[in-house]
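Common to both upcoming complexes is subunit A, partnered first by subunit B, then by subunit C.
Let's look at the complex of A and B:
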């Protein structure tokens, strides 16, 4: 297989396989969660659980309070840089948007590539900082499982290969781009089956906890 | 209840796994923020006390039973089953070092109600026979005698007599049609009878009818703490029966945190029906009386004081403003603790920890958090609204040689009660 064949495969068959597994995995995970059900609360409620659930989906993205922010500063700051960075890199890079346009039939404005490039670097720095934290902080070191390191790598590799291929570094461009796309496909395949699934299950988690607290009149 | 066994424990735990639990486990990224929010971790530095780790066996059970991949792994013999040794080891995490305070659930960035999961984990632990001795004893006494501390009706009657003598007012017992049914905690009966004196005088001035019930005077619920819905339902059921028999409008939960959670929030779900009466915490009732002009005070408390929010009232109960409104009437020198209200730190003794001797040492360590909070304030008095918090605060301050008196809010209000109505007319 030469580099052109490889690129062709990852762009075609590879992407199709990854997409099918990704969609199947997401649907399966949602099904597995929601079919377990939740008993109706019979206590007289103080507030609308429904409303507070949605509020919690939004407000949990903000630091809870000054002291929590101070106590978990490292995690919160790296977490913001990582997630904002990923959003910009995935959804606002021109070539990515044209790919989405090809799939969904519509696109959206991109931002200039050097800026996305800067975000990619920041995101990678954040990920390295997160890895360092995981390896050195007593709680994180203790909590972390093989899967935590595996999903770290699943997230990091697409970033670094994307960066290298954009800058035409290291390998020949076709190979690098092919590897980049393949790494994204691996990410898609594993996302629903690992804790990366938080990308979508977090909305359910936040909704439930927000509504349970909201019914008691507690702003979550 | 049938014999405890690992199988029963696992079956009970499986029953607890619902959609929220599955969403929570699916979302946890092992970020570790819950550890920063838990006083058992911050004060001991021990990573095994990380909140989400306290439910790790339940996470594995969820994965093995309720996910496709987990089930496949189990079928291939690739997953680690839950064992007796493991759950024995988990006892100290699930009971000794968790007060169900709810603080971890406030900070988790993905929105996991970790506290709720630990509460559920206890259902499996108690059904499996892995609950601590202290809590088993308290639950047995609660079911058999009606009080986790073994307080019987004659003891209450003796306190009633005292209170009647001191206040010059009659304390109603088993009066049908009263507006309020007042519950007490054993700790109030034995350690803080001032509470009974206080409400007797306050209700007299407010012109409200109330009653105690000889068949259901205990408000605390050991079933909730040990994590046995069966026991919890039995205890709640007694209160429900009393409230229905006496046809009261409202049941008042006393100055106790978890008693409120037990009857107000878990109660109807435990007995599987909506209540035909209201349940309020005493602070909610007092705040209503204040708003209606039926609770009037005179004079002020000169001391510089702060309020310790009981976790089950604020974070897990939604009673936040009421104590502040009430303090506003009499305490111009009231100051908030750092991290007050819904983010207040637990005293370290809730959720059954105070009834569990195995936890004594770590409980005293956890108290350091409260100690630091109080030290930074330079106050004369701490006010709270939970007898359990109060005992822990008294013990902890004594151990740390800090001489700060602790007061119950209801009792403090009664000290400043404006008594327009003569007391003589009602005594007979």
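Let's look at the complex of A and C:
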């Protein structure tokens, strides 16, 4: 298999396989979670909880509590850099937008590539710092499972291969681009079945806990 | 022209000045990425070079490669370089026809056994030998027979190098490239649809100067010509960096000469010298004319998902696949939901109330007497 065959495979068959597993997995997991339901609330509620759910999504996404901020500064800062960086890299790079356009039929404006490049570097630094923290903090290390390292790698490899292919480093561009696409396909395949599924469940969970608190009349 | 005439003699006879010849040598040196100090060496080697015999076989092809070579740069020194080899068989250009033509090939092979250069354009059908024949000989047989006595093979054009258009899905003739069949000879792949003329002559000049084939990349192409990708050498690259793209062929962006990536330009994955050597005597290259690169010097360029589809878009229809997967996921999710509900309901039905009495009765350490 030469680089052209490889690239064609990851852009064709490979992408088909990954998409099927990804979409099937995400929908399956969401249906599974959303249909679980909860026990009938026999108490008189103090609100519908609908609005409070959204309020909770917002408030829990902002580092408002000074005490938490002081104690977990590292986690909060790296977490923000990582997630904002991923958002910029995935959704604002022109070739990525054109990919979404090819699938969904609509696109949106891109930002200039060197800025995306900067975010990619910041994201990778954040990920490396997070890994270092996980390996050196005794409590975190004790709590870490193999899956934690696995999903770290699943996230890091697409970033580094994307960076290397954009800068035409190490391998021939066609190979590097192919490896980059393949690494994203692996990410897509494993996302629904690992902790990475939080990309889809996080805000649902936050809304849910917010609405529960709302029903009880507790400020979220 | 006899076989013994050297290039110098041939050039003099054709009225090419010493200055013109050295200019060509300097161009050849720069194209082959050699230092200027090599120019005299090239000149000396070319001047004394005996015209090697070249047999040119055309299989499943459109003659575009031969057109590219013979038309676009003639009459120039490159054209004369080509005169300076002894093109003993080329069924489009040669005067002889029928049996005489085949005899010319056989004679050239016999006379120059082990020394001639074999140039091939076009792919070879493996499906049915009858798909393409010359004088009743199948392409496969002719290639195998002629390759045996060749010093080196130059596969010209994407059909000969990678199968090209005949090999495009669904490949009705079972077309393959030269390197799929010949394994025991040095093969230089000069890909392109067609290849740049100066690249073809450059490879021949390299062979005449050094007696060897140039350094090749992983796809067997000379690194000197195929070492850079179009995207890296493209004068529109700054617009790619800035995120300024033409969205259609006649919008403001297209008029301003912005990047053609979104219009399907395959420059980023295409390795060729178009952006540097250019076409039509250095006039321009496709991107300069406002059209994206088709990636014609790469394998499978016809099957890369469409000429006007951006490189980052899927080569296949993913939307429909995703829709099916979504439906299947929903059905499976509902199935699992039903199972979970049933489990919950079963647990509720099977629930048994346990009293203190039940617990004590089952405890073997306690006796009936203690209980009461």
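Here is the rule we go by: the second predicted complex is superposed on the first by the 219 of 220 C-alpha atoms of A that agree within 3 Å, B and C clash if a C-alpha of one lies under 4 Å from a C-alpha of the other, contacts with A are read in each partner's own complex, and residues count from 1 in each chain.
Keep in mind that, in the parts below, a contact is a pair of C-beta atoms (placed from the backbone, for glycine too) under 8 Å apart; a residue touches a chain by one contact, two chains touch by 3 or more.
None of these values were measured; they are calculated from a predicted model.
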| task | Based on the superposed arrangement, let me know which partner A:28 touches: subunit B (first), subunit C (second), both, or neither? | result | both
| task | Look at A:20 in the shared chain and tell me whether it touches subunit B only, subunit C only, both, or neither; answer first, second, both or neither. | result | second
| task | Please indicate which partner A:51 is in contact with in the superposed arrangement: first for subunit B, second for subunit C, both, or neither. | result | neither
| request: Go through the superposed model and pick first if A:36 touches only subunit B, second if only subunit C, both, or neither. | output: both
| For A:4, is the partner it touches subunit B (first), subunit C (second), both, or none of the two (neither)? | second
| task | Identify the partner contact of A:167: answer first if only subunit B is touched, second if only subunit C is, both if each is, neither if none is. | result | neither
| task | Could you list which residues of subunit A make contact with subunit B in one structure and with subunit C in the other? | result | 28-29, 32, 35-36
| Can you name the residues of subunit B that touch subunit A in the complex? | 17-24, 26-33, 35-37, 41, 45, 47-48, 50, 52-53, 66-69, 105-113, 116, 264-269, 272-275, 278-279, 314-318, 320, 338-339, 342-343
| task | Sort out for me which residues of subunit A touch subunit B in the complex. | result | 28-29, 32-39, 41-44, 46, 56-57, 60-61, 64-65, 67-68, 71-72, 75-76, 79, 137-145, 148, 193, 195, 197-198, 201-202, 204-210, 212-213, 216-220
| field | Touching residues on subunit A, where the partner in the complex is subunit C | value | 2-5, 7-8, 11-13, 15-16, 19-32, 35-36, 94-96, 98-99, 101-105, 110-114, 168, 172-174, 177
| note | subunit C residues touching subunit A in their complex are 162, 217-219, 229, 231-232, 240-243, 245, 261-262, 268-269, 298-300, 303-305, 309-316, 318-319, 321-322, 324-326, 328-330, 332-334, 336-337, 340-341
